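The structure appears right after this line, and notes come after that.
Lettered A, B, C, D, E and F in written order, each chain numbered from 1.
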Amino acid sequence: MKFGILVNEGPYQHQASDSAYLFCKAALEKGHEIHRVFFYHDGVNNSTRLTEPPQDDRNIVKRWTKLAEEHKLDLVVCVAAALRRGIVDDNLAPGFRISGLGQLVETGIEADRTVTFGD
Amino acid sequence: MLHIINKSPLEKNSLDTCLAVAQDGGIILLIEDAVYAATSGNAAAAKLSAAQGRLKICVLGPDLEARGMADRLLEGVTRIDYGGFVDLAAEHKCQSWL
Amino acid sequence: MAGTIKKFMFVNRKAPYGTVYALESLEVVLISAAFDQDVSLAFLDDGVYQLKKGQQTKGIETKNFSPTYRALDGYDIEKLYVEQEAMEARGLTEEDLLVDVTVLSRREMGALMEEQDVVLSF
Amino acid sequence: MLHIINKSPLEKNSLDTCLAVAQDGGIILLIEDAVYAATSGNAAAAKLSAAQGRLKICVLGPDLEARGMADRLLEGVTRIDYGGFVDLAAEHKCQSWL
Amino acid sequence: MAGTIKKFMFVNRKAPYGTVYALESLEVVLISAAFDQDVSLAFLDDGVYQLKKGQQTKGIETKNFSPTYRALDGYDIEKLYVEQEAMEARGLTEEDLLVDVTVLSRREMGALMEEQDVVLSF
Amino acid sequence: MKFGILVNEGPYQHQASDSAYLFCKAALEKGHEIHRVFFYHDGVNNSTRLTEPPQDDRNIVKRWTKLAEEHKLDLVVCVAAALRRGIVDDNLAPGFRISGLGQLVETGIEADRTVTFGD
């Protein structure tokens, strides 16, 4: 089955990004496909390569990058939301790309299920 | 329909609205801070119990354990892990009550 | 999957201005119009406040995006559903709203949601 | 004490808790989405009216206008602008109910 | 202002892990200890869940910061107040909590808040 | 009177930063002093110089910068919260500086009133 994932909140402030990551990992382990993870609203803040969380806590951004590398995930950051919040190509972590909102609608069409994680 | 709730029932109105809107035969999955709703002694527990005839109630175990509430899960509520969450989402259309 | 038409429902449960969700939800709705899908908007709980007439945002120095709801029509987005109980709990009637809507009870809203292929909440 | 509330009373519990905790003679200032609490027809309005004897209720006008609710302010509630907010904060110790 | 001692109260009304507020509030509390102020912590509503014993965060791959509450003592932060009504509405008793606290009714909590110079909420 | 201001949420997602800005502006117009504006939690995201909101909406970051220039405001971004969220010196908008949490406690001590804006 093909899942589409929508993440509406940034890293650390809300659990949304953690929950979405653990859901994706479990889905991939079960042999499902992740069509795309779309980051919207403050969710775009998950894509900055500049975070340096404390050593004894998880690194949310790096976890997404690693999962994307291992499973060729398509991590898409909404351009309109990114412009509002100062997320730019120069600071993007590996595995993420900036694109339009149409990619979210497309995910809704192409994926068998769309699961949303937010506040 | 799989209804996903992520907020504490004593802080926000999402569980209340979901219970009022959800059609019979649906599944309620409590994740993140919503897991408190399915713990004994919580003021919202009665609402969940009352809905158990017509809706299936599930709770995400890892979130329950994180909050130290694993030993007080309400009777009749099904505890699942992330794999179980994926299975439910694969079997049913999903809606998050944000 | 070219030519696939799915039923999309955008669920709005939050008031405008206190958070950005109402505005950014509207941005997705406008984009979705370009994909020729079967699009519905549902307004529950405080989401019904998004459609309130007479919004004047000068005093908070923020863009008033409420006129956009009137423009949805031009994008062929005409299925706007509002929760009856939410209106009643807020003292609102259809005359208070910027646009024509279909008022549904919570139960009816739930039935409509069951018919959707994709439900997006912000 | 100036109690600042910024959430809708039908969405979150902050107004309820504040009303239960606030000491007599305090001031409640409703800002952002909390202004809906002070509008006629809102299900939470009765709670505010009941508290009016012992607490002064104020609402931030610009937030009320932004939401198109300026013409339905509850009787007895004082409407202020940002200057009035500053005056209240200067006169009283402040607490935000986040 | 050197030598000024103010009464600081940190108000916690949110559950742990769902949002970062509990963790980052604790970080401020620890820093405040270095300033020799009169520090109190108040736990209302879902904030009482922050002090729940037995938190096990391995399954959500997040740091368990609850042991820090036990360490507050070592920073001379000993005034922890918990709302009685919040405990009751959540089926919790003092035995469920990680640390010794003073249980206050909402009314008593309100009176204590009035005595503070600075009330910080997150 | 000397006000201290605490901002707990980022730009656009929540109204907190807008409300804090309008409060500061009104306080300054009335002749009060702003001891410091402290940005904590997602509030640190108000300090990035990389935001480009739509032309027809307010520019939250630039407004803070302008107010700081006109009134010599001290806009302090919490370093611990900034590290978690990828806010670094290189991308800081003019008028902001990164410093420790102690600056928040100091504001509580030195200001006559501390007013918090959050979610």
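To be clear about the criterion, a contact is a pair of C-beta atoms (placed from the backbone, for glycine too) under 8 Å apart; a residue touches a chain by one contact, two chains touch by 3 or more.
This is a predicted model, so every value here is computed, not measured.
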Path length in the contact graph (subunit E to subunit F, fewest steps): 1
Between B-C and A-C, the pair with more C-beta contacts: A-C
Shared interface numbering between subunit F and subunit A [over half = same, under half = different]: same
Rounded Å distance, subunit B centre to subunit D centre (Cα mean): 33
Mean-CA-position distance for subunit D and subunit C (Å): 27
Subunit B: positions in contact with at least two other chains: 6, 10-11, 13, 32-33, 62, 81, 93-94, 96, 98
Numbers and ranges of subunit E residues touching at least 2 other chains: 13, 17-21, 45, 60, 62, 117, 119, 121-122
Per-residue overlap in subunit F, given as positions that touch at least 2 other chains: 8, 12-13, 15, 22, 41, 54, 80, 114, 116, 118
Chain pairs in mutual contact under the definition given at the outset: A-B, A-C, A-E, A-F, B-C, B-D, B-E, C-D, C-F, D-E, D-F, E-F
Touching residues (chain side subunit E, partner subunit B) in the complex: 13-19, 45-46, 49, 52-60, 62, 64, 66, 89-92
Interfacial residue positions of subunit C with respect to subunit B in the complex: 11, 13, 21, 44-45, 85, 106-107, 109-111, 113-114, 116-117, 119, 121-122
In the complex with subunit B, residue positions of subunit A that touch it: 1, 3, 8, 15-16, 19, 22-23, 25-27, 29-30, 32, 112-119
Subunit A-touching residues of subunit C, taken from the complex the two chains share: 1, 4, 6, 8, 20-21, 24, 27-28, 31-32, 34-35, 37, 117-122
For the subunit B and subunit D complex, residues of the former touching the latter: 10-13
